[in-house]
Amino acid sequence: MTQRRTLRIAVIGTGKMGADHVRRIDQVISGARVSAVVDLDAERAKQLAAGIEGCTGSGDPAAAMATGEVDAVLIASPGPAHEEALLTAFAHDLPVLCEKPLTPDAASALRVMEAEQKLGHRLVQVGFMRRYDAEYLKLKALLDSGHLGRTLMMHNQHRNASSPPGFTNAMLINDSVVHEMDVTRWLLGQEITAVTVLRPRPSSNAPAGMDDPQLVLLETDGGVVVDVEINVNCGFGYQVKAEAVCERGTARIGTKQSLVTDTAGRWGGTIAQDFVERFADAYDREVQAWVDATRRGEVTGPSVWDGYAAAAVCEAGVRAQREGGRIGVEMVERPAFYR
Amino acid sequence: MTQRRTLRIAVIGTGKMGADHVRRIDQVISGARVSAVVDLDAERAKQLAAGIEGCTGSGDPAAAMATGEVDAVLIASPGPAHEEALLTAFAHDLPVLCEKPLTPDAASALRVMEAEQKLGHRLVQVGFMRRYDAEYLKLKALLDSGHLGRTLMMHNQHRNASSPPGFTNAMLINDSVVHEMDVTRWLLGQEITAVTVLRPRPSSNAPAGMDDPQLVLLETDGGVVVDVEINVNCGFGYQVKAEAVCERGTARIGTKQSLVTDTAGRWGGTIAQDFVERFADAYDREVQAWVDATRRGEVTGPSVWDGYAAAAVCEAGVRAQREGGRIGVEMVERPAFYR
Amino acid sequence: MTQRRTLRIAVIGTGKMGADHVRRIDQVISGARVSAVVDLDAERAKQLAAGIEGCTGSGDPAAAMATGEVDAVLIASPGPAHEEALLTAFAHDLPVLCEKPLTPDAASALRVMEAEQKLGHRLVQVGFMRRYDAEYLKLKALLDSGHLGRTLMMHNQHRNASSPPGFTNAMLINDSVVHEMDVTRWLLGQEITAVTVLRPRPSSNAPAGMDDPQLVLLETDGGVVVDVEINVNCGFGYQVKAEAVCERGTARIGTKQSLVTDTAGRWGGTIAQDFVERFADAYDREVQAWVDATRRGEVTGPSVWDGYAAAAVCEAGVRAQREGGRIGVEMVERPAFYR
Amino acid sequence: MTQRRTLRIAVIGTGKMGADHVRRIDQVISGARVSAVVDLDAERAKQLAAGIEGCTGSGDPAAAMATGEVDAVLIASPGPAHEEALLTAFAHDLPVLCEKPLTPDAASALRVMEAEQKLGHRLVQVGFMRRYDAEYLKLKALLDSGHLGRTLMMHNQHRNASSPPGFTNAMLINDSVVHEMDVTRWLLGQEITAVTVLRPRPSSNAPAGMDDPQLVLLETDGGVVVDVEINVNCGFGYQVKAEAVCERGTARIGTKQSLVTDTAGRWGGTIAQDFVERFADAYDREVQAWVDATRRGEVTGPSVWDGYAAAAVCEAGVRAQREGGRIGVEMVERPAFYR
């Protein structure tokens, strides 16, 4: 067996996530290099590319994918630009790692799903990176082992120190709870069928016009009830905790204690301040898994179906938030292609 | 100041709880003794009384309270017998520690409340013993201190290894969740205004006809949303956990680690197997607090209003469980007498 | 069976410990009352006695024990006064709870031991209250169960926020490490045969002339090696931790987590600030156990032999501290009377 | 700035560690590739090389380093072969990552140290990988920050499920405790001046002729006392724990809780079963740090001085173990070259 050659990757979008992926592929990931950086702001793309040997910067994704110098594409541009970039990659038969959301809504996700099915083979891995987090992986392995019996409930806490400017109630669902929606589907292998949202009196930390925190309730087609505390102005740090309540026990993650001090009348440790600190390893593992699979000629990880399902559940979530009460999730039947 | 004399207590009811209270007053509590034991089964009462110096056993509560040999009454008979015993104690102006439930429903609780108000002074302490648990007391002190700001949400887990024979869905609310209902009111100083119940597909451990576990959602007049996992056939032990989510942090109890072992590839500790093990200290502290207050001529602790409120919330809970959806709680206005 | 009558106790010494025991017997302990309070400062004794019904205050222990109004004696006077008080109690055949140290040195402890043996029955329980702490009791039960196999090593940490004025290197052994010496003997059922003391460069918190912290190493006749960090100016609180390292696992206590908060970038809880907070329950349990045994006509708990052994090991500890190196412990053979 | 080219590494030795490093550089490390694999068993080297593009296998380290196809050398052969391989690398001015031990004893380490000094620049990074463990790094950052004041003591536990066949008392020091010796020096920035070893009665799990566990005491020139429980047949897993006791608090690592379950009457989690599981990330980080520094033209990390110091302390440790008592450490003065 001879070694496969180094994968040449075009990174589209150079915002916070895109720039971090460029750094990651350049300095952390084995077996891949950044061969093209693309951004609407072509100057910014060229500047980023200048620090990397054999890498070009430009402003047009389609042109970059047409050069023949690209083996795979990482899409990290804003959500509304994803559909066009994905279809272009499909035209060149290029494997894609697409940051979440796949597209901004279920209808557009459905179009991408149909286009991929027409190709006859999968090309897309969607960027739900929690599936690559060591703790979630351990939890999934334990649930899959059957040692604890069937899962009955899940409790989740998702907390940010503070929300960025411009964050809205809808983004609470679409940008934050979407992660719990995806891990619920992935951990349980079940689809979500209804969403209910309860809103306590908002924290005085919440920006005007935002109801924070909220309690989001998910119901699955396997009869599991899932509660999610979403709390994006908690003030004290970034926390993602999950507990699966099963027939023969419970299992929880997110309470890591790596350095514990006793000092000044208190014992304890620090809380991570953002998702980069909490999930750095998960991002590394996600991109390495994508590079490794691509070099083997395979597509693994979250699929376009997962991206579509997330969009459909989010739409129900935003309605539940706005209208109150329990909102059913509407989805097309799962194509055999994605089973 | 001279020492007050030893309090002579009549214990009514000699079931599991009553017999345990007899033992407690006889062997653990300072400043009190059991002077009378009463049970419908007078033979059983006499047998229990025989082991205690200066204690008589009999079958008629009213007669026992009329002897003049009793300074205070502890009612531990079945709920339906409470109203009559309470009114008899009122007639003799005897302080009462009444095991929960105060009475079986809100209407009868209301009658007791009106009778006590007519006396012009409180006589009753209701047996919500979690208010005397060291961990709950610490949590309340922290919330009351204001260090964490206003409480926004509460998460609770209430788990039993298995439910006793004959346990029903309604008892899940009336006997189990009633504790979380009371501590919610006590910790927050707020009334509960609505109840919603979600039922996952039942555990295979649940007896036929019982939906176990359930997720009970409480809303308060202060805008706090409270979730309660009630899970009475969890198989692994007895657990009561609570987390208050506040504006400036969270606080949780119920995760005590007193003895931790590393052995056979695992670290960890044991889980209590029943409430006697978990709350033994709380029962001792509850009864001692009642004895101490009574010797000082005071009535403290959970009031008849608290017993009534619990009954009203339970009635809404059982309806929410049966009918689905969100059920508002109906209560009379709080009398100034109980403020 | 008729109930035994209330035990009338004379408390000798009304310093911090003595006054606390008076309060404890008066308000917490079931089945006993304080009938006499004695202190060199008779005025202080009278003042304390005034608040308790049927209790007299005076300045002469021997006179108090001779009144016939006393069933048992609790000695909480300074150590040098213990021998005389014990011998007087022996003369009246009164059961005694004697605060540690039994006497100030091994020679005087030996004299008390011989006097008790001449009586032909035990009268003394020595106040090593850690044996009544819930955590130590669990640890002992686990070690005794044999589940973890033979104990090989023990690690201990004994920390105080700060040492009281006048505390010396010798008191570090005699007043502090003496507790680990006693629990080592009790947990393992083995005698200590040698002591070594290592002294790091002292903390800047240590008072002039005191070497704090120190590492004390104990070796037992069962081949167990025990290390004790004694650290009485640690600044952050009072902590007592112990870990038994056994053939099939380890077990540790002292890391209780009763209330855990997430706030201001940190998770964790508070550390107790003194032994009263940490061991309040142990003191209550110790005195109640003594009262209960005495009312049954029995003597249980730590014996005069335990008090003597502690004194002998302390003497070796102070020598090891002063002279460096490993110092063997010298003890008389254990009398059959104490087996 | 243009990107530096991919580093070509020769790996010498293809035992467990060597083969794992080959896999690591091939699949995990960014910016480097394996260009040569060398083993006394040339067939084995060729077999391993066959799976890697552009990689040759051979039996002669000196020949492999002379080809001009190698930019850096990773030495993972048995300890006695290190000195010659190091001197050969020096002759070709090749940067080296040398697995511990640097050489088998202090005298040979001193020769390597003198040879490196003659070059006038550092070439060697010694493989003390704990310095790259995330938890140890956090502990060092905290100690260096000065928040807890000066370190006074350290407590360490180093446990293996079982020792491999042929493991001896001397290897307990040279292969196991050597890690605590190195991290003590690194965490504190102090040299070790004396070693004492206490041996409890051996566990029944210990192989015949081995005294396991042992308590190793280190003293530093900064007055810190360090205890190390070395326990290589503990049966239950692999554990490395450390606690620094400082003037204003303590800090501990090694108690990670990533997945916690409540089941069958117990709460808790699993214990790692070997160092590969516990320190996988540390190995990755160590080699990546070496590759990155080498590509920048720098030598960082543990130096030949560190390798020499470890050898000198180990020699004292083995003597302390054999002879009993406290053995001083003898070392040459630290050359300015290594400051």
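Should a chain be cited, it is by its letter among A, B, C and D, assigned in written order, with residues numbered from 1 in that chain.
Here, a contact is a pair of C-beta atoms (placed from the backbone, for glycine too) under 8 Å apart; a residue touches a chain by one contact, two chains touch by 3 or more.
From a predicted model like this one, the values you see are computed outputs, not experimental measurements.
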- If you take the mean of the Cα atoms for each chain, which one ends up farthest from subunit A? C
- Task: Return the chain pair with more inter-chain C-beta contacts, choosing between A-B and B-D.
- Result: A-B
- Message: Distance between subunit B and subunit C based on Cα centroids, please, to the nearest Å.
- Response: 37
- Could you tell me the distance, in whole angstrom, between the mean C-alpha positions of subunit B and subunit D? 58
- Message: How many angstrom lie between the centres of subunit A and subunit B, each centre taken as the mean Cα position?
- Response: 45
- Item | Residues within subunit C bordering two or more other chains | 235-236, 248-250, 260, 262-264
- Contacts from subunit D onto subunit B in the complex sit at residues 235-237, 239, 260, 262-271, 273
- Per the touch rule, the subunit A residues reaching subunit D in their complex are 1-3, 5, 26-31, 51-54, 134-135, 138-139, 142, 147-148, 248-253, 255-264, 288, 292
- The subunit A residues in contact with subunit B across the complex are 149-150, 152-153, 155, 157, 198-205, 213, 215, 217, 219, 222-225, 227, 229, 231, 234-236, 245, 247-250
